[in-house]
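Naming follows writing order (A, B, C and D), and every chain is counted from residue 1.
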Amino acid sequence: MAVSIAPKEATDLNAMEDEAFRTHVRTWIEANYPAELRNPPKRLHWEENKPWYFQLAEKGWLCPGWPRQFGGLGLSPAKQIIFTEEIERHGCARTNDHGIVMVGPLLINHGTDAQQQEFLPKILNGEHVWCQGYSEPNAGSDLAALRTEAVLDGDEYVVNGQKIWTTLASDANWCFLLVRTDKNAKKQEGISFLLVDMATPGITVKPIINLEYHDEFCEVFFDNVRVPAKNLVGTPNRGWDMAKALLSFERIYLGSPRLSAYAFTRLRQLAERMGVWEEATFQDTYGRLRLDLEDLKSLYGTFVDKLRRGETLGADVSMLKVFQTELFQRITDTMLEIAGENAGLLEPMEGNRNLNPTGQYIQARPATIYGGSNEIQRNILSKNVLGLPG
Amino acid sequence: MSQALDDRSESIRMIRDSAGAVAPRGGDTKRVRAQRFVAPGFSREVFAEMASLGWIGLAVPEAAGGAGLGMSEAVALTEVLGAGLVPEPLIPAMLSARLLAASDDKALLDSGKVVLTAWQEKADSIAAPGTGDAPRVFIPYAGGADVFLLPVREGNRIALVSLDATGADVVLEKTMDGGFVGTLRADLSRASRIADDIGAVLEHALDEAALATAGQMLGLMEKAFELTLGYLKTRQQFGRIIGTFQSLQHRAADLKIHIALTRAAVETAAAVLDDGATGAVRQAAVSKAKHRATESGMFVLRQCIQLHGGIGYTDEYDVGLYLRRGMVIMNQYGSAALHRRRFMALAPEDVE
Amino acid sequence: MSQALDDRSESIRMIRDSAGAVAPRGGDTKRVRAQRFVAPGFSREVFAEMASLGWIGLAVPEAAGGAGLGMSEAVALTEVLGAGLVPEPLIPAMLSARLLAASDDKALLDSGKVVLTAWQEKADSIAAPGTGDAPRVFIPYAGGADVFLLPVREGNRIALVSLDATGADVVLEKTMDGGFVGTLRADLSRASRIADDIGAVLEHALDEAALATAGQMLGLMEKAFELTLGYLKTRQQFGRIIGTFQSLQHRAADLKIHIALTRAAVETAAAVLDDGATGAVRQAAVSKAKHRATESGMFVLRQCIQLHGGIGYTDEYDVGLYLRRGMVIMNQYGSAALHRRRFMALAPEDVE
Amino acid sequence: MAVSIAPKEATDLNAMEDEAFRTHVRTWIEANYPAELRNPPKRLHWEENKPWYFQLAEKGWLCPGWPRQFGGLGLSPAKQIIFTEEIERHGCARTNDHGIVMVGPLLINHGTDAQQQEFLPKILNGEHVWCQGYSEPNAGSDLAALRTEAVLDGDEYVVNGQKIWTTLASDANWCFLLVRTDKNAKKQEGISFLLVDMATPGITVKPIINLEYHDEFCEVFFDNVRVPAKNLVGTPNRGWDMAKALLSFERIYLGSPRLSAYAFTRLRQLAERMGVWEEATFQDTYGRLRLDLEDLKSLYGTFVDKLRRGETLGADVSMLKVFQTELFQRITDTMLEIAGENAGLLEPMEGNRNLNPTGQYIQARPATIYGGSNEIQRNILSKNVLGLPG
């Protein structure tokens, strides 16, 4: 028998008119989202995030894309887009969402009934907070070169190795992990998907201090970590294709104009504060950035339209990630250029979180690196979209 | 917006197909090359064919004698014709058709004559002051006109007069692409008044012409890039297909992004206009599209030359034709700077 | 000019060598890291060593108690110290030394005290209006000052007063690189006047400080690029040394060009100042160098992070230290925009 | 006995003080250079150029770098730089100078006495005008892939093949040619240097119309062209190194700021004519370009200083070519941007040769391609200067 999890939200929101739905979502967000957490300057930790997370869970809105059969909101693509737009418009912090956007869809598509029954409810109620164990010190852009290995020993896998750039691993109690289960297979083959309880003995999490002096990313070390074999998702040695499919979510997410759009509003505030807003040369720079942003929105819109029509996105979605992240950087470059000596301050200017050129600037740096560096994205575009040879 | 686009997809497809009659699919440039610097710079037969296909009055309502289509179809058409390097002055003729439809001389719309509007008084402009005795400049293919239309200011209004091109004082200059532009010093005593208050229609028509030109630039970019990709996939140097060199691959990826941005801006703007937008909303959409088409268009065309290496600098090879056409149209109906300024001068609430 | 540089090559070499005492050759950043966010943000011992090496009064004439060297030596020194991420406020101290040499309190020059000049009244400035009661802002490492110098306007002249830092109202803010800047609200009733007419000397000193900062940025660029080249030559991805990827090779070539342009601009400007240039000629040379150092410097530092990939974004790896220091100094003594405007406002005949 | 050719110029100009020498050169140029040929919009043909060429020859100034022993001016590096600066300052057209800068030095270094005696005087007196047969349709950037072959038949080489991008071949009566003389050798080996009379039967010259509608470049076809074996320069099969050495001249020449500097003065005139000169945004753009140009001059100066000290230039001279040519393009891009519809005109605006944005723009296009494309220059920089692998 197929798994069935009762959704918390009793209403089928797909039945609402788009604009009514938008208002409904907006109203609820405005009433419930903590004001002091709007547009946070850094990625929030679980401790800061969880009141909002549990509020979403309580409302039944935590997993808007999951089918209602699995306890999700079951929104249509078009409605999901509106939902996301409203979340972004309000400046809600990104939550610890790996369970929601990665593990959930993974298990819904590839999990056993038992896995679905065990894990999905605990994502929905916030009991399990997930992190993603993909990158390794020598397998960053070249993810398929990963070497963390899992060897079957009885009904357990024994995991040894190291992951890096694991976002908010220190907040997570579960980890979905790419491991090598066949060392003799070709690179992309022999990789499997494991679900690992972070409390298992042998796991060490070490935060990485980044250029923001913040600890969003971690290293995670695995030393003879024993994982039940039933926690392998899908077919052994066939984890790579599942992992790649999950990354397609990330590419459209990273191509969303929201980061650039937010930085852009702050650029104006900074320009006004620095007294350059009225200058013709600044206006010209600002106009160029603004038109880039508006055209990015138009291009993004064409991809969103595809989602709305239920189409899958092709490799050309990489265009968004490249242009968005580089625009984000150019906007924040401009911030430093006009900030005078404030370009060197550690904290927001005058205690005003909206005047934080250095924070924005530093935040923009890794955008062109993570989620597949822009060099990788351009490789994808040239080979998979333009058909240029090897 | 995108729903509207979906609804129109059939008429857009039909327009694209019909464009093949004039812009050969294979991209044969023989006719285009033969036409260069041969007065009037275009073929009257091909122009007549365009007229008979209903393209001149494409966006004019059916009630006024047009085809009743919209800008989504217009930019699809100018894109295909741009890709085909078609020299015939369709966009100026479409602009005139808009004016004629609002004039007392609707018959001229269906006459098959080449009607060009001499609206421009200075370089890099999208406004028609209508100064009666000002020379009208940069009239595309002015040597081929049968009739000129002239906006003429009268107090707060702009009237429209028509003038037989025969015997008109027109000075021609050659353009980079083998065409001509002309300066008209009109003898208004010979002109006939055909509309009393054409100002708003003209503003609208100029916006449409700017957007159609952005569509034309999109066609140039697409086709030049297609040629370039083909070259990258076949040309060998250092014993390798040059398309395997990563620096060229990444540049090609950047060009693709600029083309995609341009297409999104142009098609979005067309949808906005087809939704009936007026005033600042229309201006914002048009300026955004024309700005993008000019900036990204010239970037792409320049790089296509570079990626071809030496052969790209020869007249014999087609890719240079696209750059030269790009030079001619890049600032028609307003440069990137003009449209950037116009966009920035609009209130944000009108723009978004 | 280049002849002058040849003549000075020996003293420049000596200065570079001696800088090794403070900026370890191997590029060890342990001391620098340990100093971060530890008040006052620098080591008084190292500062004293710099003083004993004669660096504070490097460009001050020997007759006035300085080392009698010039800006060619000064930029060579700040370049090496920049590459070593040395936090001690040498450039501000050199600026103060210039003023002290022209003051009645020359003894302070040799006192070994940390003397900082509180000249700045607003962000992004290279002019000292000398408003008596204005808070003086962005004083580097103000928490470590023994004495503040303040320019104070009196009619058409600018006087100089000194103020014991003990008990002064200084508010500190942390900087990205682990240092501090301070705002001083001075109680002038506690100050002693030490010069009556310091305006021209201060302008000169600010130009020198801007140029020395350009030299410091050059050092940041060079060292960050060296680290990056090393990384490109050893790091493997996709089974290859990443330095074999052509897109990264070409980017590295571009960074090299920007570093070379910066060096040429900085060293040329230093030679111009050492030739005794004054007024517009001096300003043009300095603005050209500071503009280039800021624009190209931040470009290079940004790209060095990108070329490192994820590891470049960690605090643990050194390359990020250069970016953060670059953020702190990029707009000190004037942003790129300020210097571009200043350069453009000068008469061409003074500039060339 | 070594060759000795009497120089026309009796005075040893090296003995003059630098400034006096500069004035001397400048005065003579101003008195003798045809005013209507200053800063010509296109490369001049021999017919237009030759009066000035013969004037230089008559004066004995045609070959400033050749030793006096070979009939040259014998200028020191420092004096040569001043000479070149004055030529460029006045906007003298580049002459048909391949004999002067390429063939002369080649023969002086590698020619036999007989070759020197036969060819050098005819370069000095303008009787021989040379062109350079290097590039081929499939050997452009990859010059060493050339396939035009020369087979020894008795005391003659029989040449077959095709050259392309041969500058002003239609004006030349002699050609120096890279040919393959050993088909079995490795790519760079087996290449030789031949001197060929363009009147030899079997040579066909076909001008290439370029984007300016101008015929500066040609294709040259060789069909069983018989060349005396004594016209081979240096050692057979060892022509590649000589050819590369001659190209080093080109790299510093192509890095000279003169093209950018000239375009830059025209940008200002155009801006004034278009009424945008006073605009703050234009001033900002202009200021950026101007500072780029000034910094290029500073960097160029450091290389010129090396020449002045008699040092040889390293591979890093490629930096100049890259930055100069791209600056030249950016300046002319800006011209089109402000020119309004004049950006599409074939001829100079209003018949004023100084208002010629389209001519300048088109001229700037091949600058990043010829003389080793900028892609090749960046390869050289990354490998030979930065030591990056592979």
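Keep this in mind: a contact is a pair of C-beta atoms (placed from the backbone, for glycine too) under 8 Å apart; a residue touches a chain by one contact, two chains touch by 3 or more.
This one's a predicted model, so the numbers in the text were calculated from it and none came from an experiment.
S.K.: If I rank C-D and B-D by number of C-beta contact pairs, which comes first?
M.R.: B-D
S.K.: Averaging each chain's C-alpha atoms to get its centre, pick out the one most distant from chain B.
M.R.: C
S.K.: Mind checking the centre-to-centre distance between chain C and chain D? Centres are C-alpha means, answer in whole Å.
M.R.: Comparing mean C-alpha positions, chain D is 42 Å from chain C.
S.K.: Distance between chain A and chain C based on Cα centroids, please, to the nearest Å.
M.R.: Going by mean C-alpha positions, chain A sits 40 Å from chain C.
S.K.: Based only on mean CA positions, could you tell me how far chain B sits from chain C in angstrom?
M.R.: Centre separation, chain B to chain C: 53 Å.
S.K.: Where in chain B do residues touch two or more other chains at once?
M.R.: 245-247, 249-250
S.K.: If you look at chain A, which of its residues touch at least two other chains?
M.R.: In chain A, 281, 283-284, 375, 378 touch at least two other chains.
S.K.: Write out the stretch or stretches of chain B touching chain C in their complex.
M.R.: Going through chain B, the ones touching chain C are 245-247, 249-250.
S.K.: Applying the document's contact rule, which stretches of chain B touch chain A when the two form their complex?
M.R.: Listed in rising order, the residues of chain B that touch chain A are 1-2, 229, 232-233, 241, 243-244, 246, 249-250, 252-254, 256-257, 260-261, 264-265, 267-268, 288, 291-292, 340-341, 343-344, 351.
S.K.: Looking at the complex, which residues from chain A come into contact with chain D?
M.R.: 279-281, 283-284
S.K.: Spell out the residues on chain A that touch chain B in their complex, using ranges where they run on.
M.R.: 283-284, 286-288, 290-291, 294-296, 298-299, 301-302, 305, 308, 316, 319, 322-323, 375, 377-379, 381-383, 385-390
S.K.: Mind listing the chain C positions that touch chain A in their complex?
M.R.: Of all residues in chain C, those touching chain A are 120, 122-125, 137-138, 173-177, 181, 236-239, 245, 247-248, 298, 302, 305-306, 309-310, 312-316, 320, 323-324, 327-332, 335-337.
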